[in-house]
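Multiple structures are listed underneath, in structure tokens.
Two complexes are shown next, each including chain A; its partner changes from chain B in the first to chain C in the second.
Here is the complex of A and B:
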């Protein structure tokens, strides 16, 4: 028994050394700054393995931890995961409750000493319309954000009760409210002659930067790679605004089956297109500046 | 005698104008431009040949109930296609135009209601290099419009696309303009002279979305005419996205909404997804959200095209470049779409 455990530990250490060596080689080229994951396929995995309903989500958690570990080892600074969509509330109530309970348990687990958060100095953000969550989950999420607020090495954004359209609506509402307040303030403050009014109007017009400022995802740069497991090639209302120039990759593996090789493939593909995309991003940035969007 | 590079650039465009018109004064020499493309043959079949039935039987493997109603296409790879054949980029765009004709034809035959094509992003405008000493002057109805400071390739492509609306062939309906005369001057020399006359209706509605202010006034005028004349057509709605940016579309929708808030027509708390939908440029189409997006040439990204509208769209990435995208590729995309399971985040169907 001890011999077997010893062998397992040796094997595990060897794999880790090999993996780190592989990452060293990858790091010769550009490393993506921000990778996002749509964790799709948990339910199909449960069906495939004849597990009970909901167990697929539990089986997906170790896969998430592995991918986070690989990304942080590789040097990726920002990771976003699509944990729960607003659309997912349409599922069976038992499944929704199961996922909520699982999330609460795992969020509380993140704060433990040995968790990945402390190992890699991860700051955790929960992104989405958190008011839609039940109270225990919301409280756990807020506690986790507070507890990790001083971590600065890496960022983990967990999208819960999130859809991109909800995020954009929220951003537009806040931008309009902000500009409305500014306009009211400027009316109160001064007499309005023609020239000042024109300047004020221009200042009060909503621009792209205003919208981006109010996005839930405004705390992170745009993603470089979006990985959706299970082979489905669609965004499902995830990061529509932010994935304008992002590499899309959809391996056929179900989320609990996702592994290192999928991440390596995605990074290699990213490196292949990197210089071209950097030029496009620079050009796009200059165009936006010119248009003063 | 015209300089070589602009000559090659322009001849492929002129070919599309000259089939039923007067002989050119410009040489029509195009190196390596195959006979098939001259005759409008696409992938072995004559594009647009014959009058299509209203609803043709579908190819094997497709079912009417699982066909997308709105297909969007990013027509990528025209230049790479041309470069691979040692042709100028203009040839790539010309071949791309023929490919588009083929796809429009297929959409009409198979009952797809809306086809959106991404012609050029606002990220694609490139200033001409200073040593390219070509200026194109377009005279329409005696008015002179000079095309400067814009990408000639893109402008030529669009001129071909919309000018086909004025001729008795091609992808979009025609209308009677009388003796509209277009004269293209190349560095002051008359390069092309064409009279447009009308015939045929194919019942296709054409719209343009995007920032058309960057286009030459002549082209804007042309586009307005086409949009106005075709607005009641119902067989297929062809939406051409030019200088379009998904983010810009959302910003301009937001600005329209902000004006309504400023005028106290609505409060910020009234802003919702439906309001935003109404203000997006894609509100010109009844079905503004594509069911299927196809991007050619193997690039796995969206390039700032249709962001809001792609929330639940199935994405299909084809390896072939756009000029090579024909019926078999389209069928493959539609078969892939048929196999997708769409549950929009909810229960398994």
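Here is the complex of A and C:
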């Protein structure tokens, strides 16, 4: 028994050394700064393995932890995962409740001493319309964000109750409110004799930088790679605003089956196309500056 | 790349070393080794993609020859809207774009949205729609007034560019601000997706309303990149947008493959 455990430990350590060596090789080229994951295929995995309903999501959690560990070892600074879409609320109530309970359990697990969050100094953000979540999950999420607020090494963004269209509406709403408050403040200061003058209206016009500031994802740079498991070539209302110059990669593996080789292949593809992607980003940046939206 | 390997280091390696220099040379040898291994990994990737290209070329030949039965009849009725991303450098090849639209017409696609970042296709709009059985997409109000029989025979083509993405969202935001904040009393109600959709329609970006939407996007490039803010806003029924890449310049067999 002890011999078997010793062998397992030796095997595990050897794999870790090999993995870190592989990452050293990859680090010769450019490493993506921000990788995002759409964790698709949990239910299909449960069906494939004849598991009970909802068990696929539970099986997907170790895959998530592994991918986070690999990304942080590789040197990726920002990771975003699409955990729960607003559209997912339309699923059967039992499944939604199961996923909410699982999320609460795992969020509370993140705060434990031995968790990946403390191991790699990860700051956790929950991104989305959190008011749509039930109270225990929302409270757990807020607690996790507060507890990791001082971590600065890396960032983990977990998109819950999120869709891009909701994010854009939220951003427009907040930008309008901000501009309105600015105009009210300048009226109070006697800028235009109590009426909003033409100059004030022009100064308070909403610009692209205002919308981007109010995006849920405004805390991180645009993603470099978007990985969607299960082979589906869709974004499903995820990061539509931010994925303009992002490499899309869709391995056929279901989310619980995703592994190191998929991440390595994604990074190799990123490195192959890095100069093209950089040219596109530079072009976008110059255009933005020119238009000064 | 950050491997710290230079010409001077090679000389030091070949002349031999002692003491501190040995440690430095060993480090540089390791860097050289990593550099070589990195190239081997990328060579494997290149070899894989080359094999994939050969396989795709063979499949294209088989599709063209008509030997593959599954491509003989394409269920193009399932595709309600096909969006195609064209690189701006290639977008001025109007004849190629017209040829592409003719293929799509032959395949039974009824609604096509052509996108290029810089709006080159928009400038060639008249040349493209005037050349064949294509009609330029009108606003949703105008579309209901056209002759339904005529509509059946034409491919409707919509032209989009970068200015229809984020820039349009900014215009919509300003429109909403004018209407709900400056227009009178500040509305306490929260803005919703339908407000934004109305604002986009008001600035000339109409939403295409399909009862059960499916939008397919084909990127004319080997790389699957989401074009800059392309179609940020979809119909209110929230389509699933499927993405494919096919080779540039587009060939009919690879289009058939992607559509299938």
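One rule holds in what follows: the second predicted complex is superposed on the first by the 281 of 293 C-alpha atoms of A that agree within 3 Å, B and C clash if a C-alpha of one lies under 4 Å from a C-alpha of the other, contacts with A are read in each partner's own complex, and residues count from 1 in each chain.
The rule is simple: a residue touches a chain if its C-beta (ideal position, glycine included) is under 8 Å from a C-beta of that chain, and two chains touch if they have at least 3 such contacts.
Keep in mind the model is a prediction, meaning the values are calculated, not measured.
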Partners on chain A (chain B, chain C) - clash or fit: clash
Partner chain in contact with A:49 - chain B first, chain C second, else both or neither: neither
Touched partner set for A:248, first chain B, second chain C, both or neither: both
Partner chain in contact with A:172 - chain B first, chain C second, else both or neither: both
Which superposed partner A:134 touches (first chain B, second chain C, both, neither): neither
First, second, both or neither for A:152, with chain B first and chain C second: neither
First (chain B), second (chain C), both or neither touched by A:91: first
Contacts of A:119 with chain B and chain C, given as first, second, both or neither: neither
First, second, both or neither for A:13, with chain B first and chain C second: neither
Touching partner for A:235 - first (chain B), second (chain C), both, neither: both
Candidates 27-35, 135-143 or 153-161 of chain B: the single one with C-alpha clashes against chain C: 153-161
Chain B and chain C contact sites that coincide on chain A, given as residue numbers: 87, 164-165, 168-169, 172-173, 175-176, 179-180, 205-208, 211, 232-237, 240-241, 243-249, 269, 273, 277, 280, 284, 287, 291, 293
Footprint of chain A on chain C - complex, ascending: 1-3, 34-35, 37-38, 41-42, 45-46, 162, 165-167, 169-170, 172-174, 176-177, 180-182, 186, 190-193, 195-196, 223-229, 232-234, 238, 240-244
Interface residues, chain A side, partner chain C - complex: 24-30, 87, 164-166, 168-169, 172-173, 175-176, 179-180, 196, 201, 205-208, 210-211, 226, 232-237, 240-241, 243-249, 265, 268-269, 271-273, 276-277, 280, 284, 287, 291, 293
Parts of chain B lying in touch with chain A, wherever the complex brings them together: 122-123, 125, 246-248, 250-251, 254-255, 257-258, 261-262, 268-269, 271-273, 276, 299-304, 307-308, 310-317, 340-342, 344-348
Partner chain B, residues of chain A touching it in the complex: 43, 85-88, 90-92, 163-165, 168-169, 172-177, 179-180, 183, 204-208, 211, 232-237, 240-241, 243-249, 269, 273, 277, 280, 283-284, 287, 291, 293
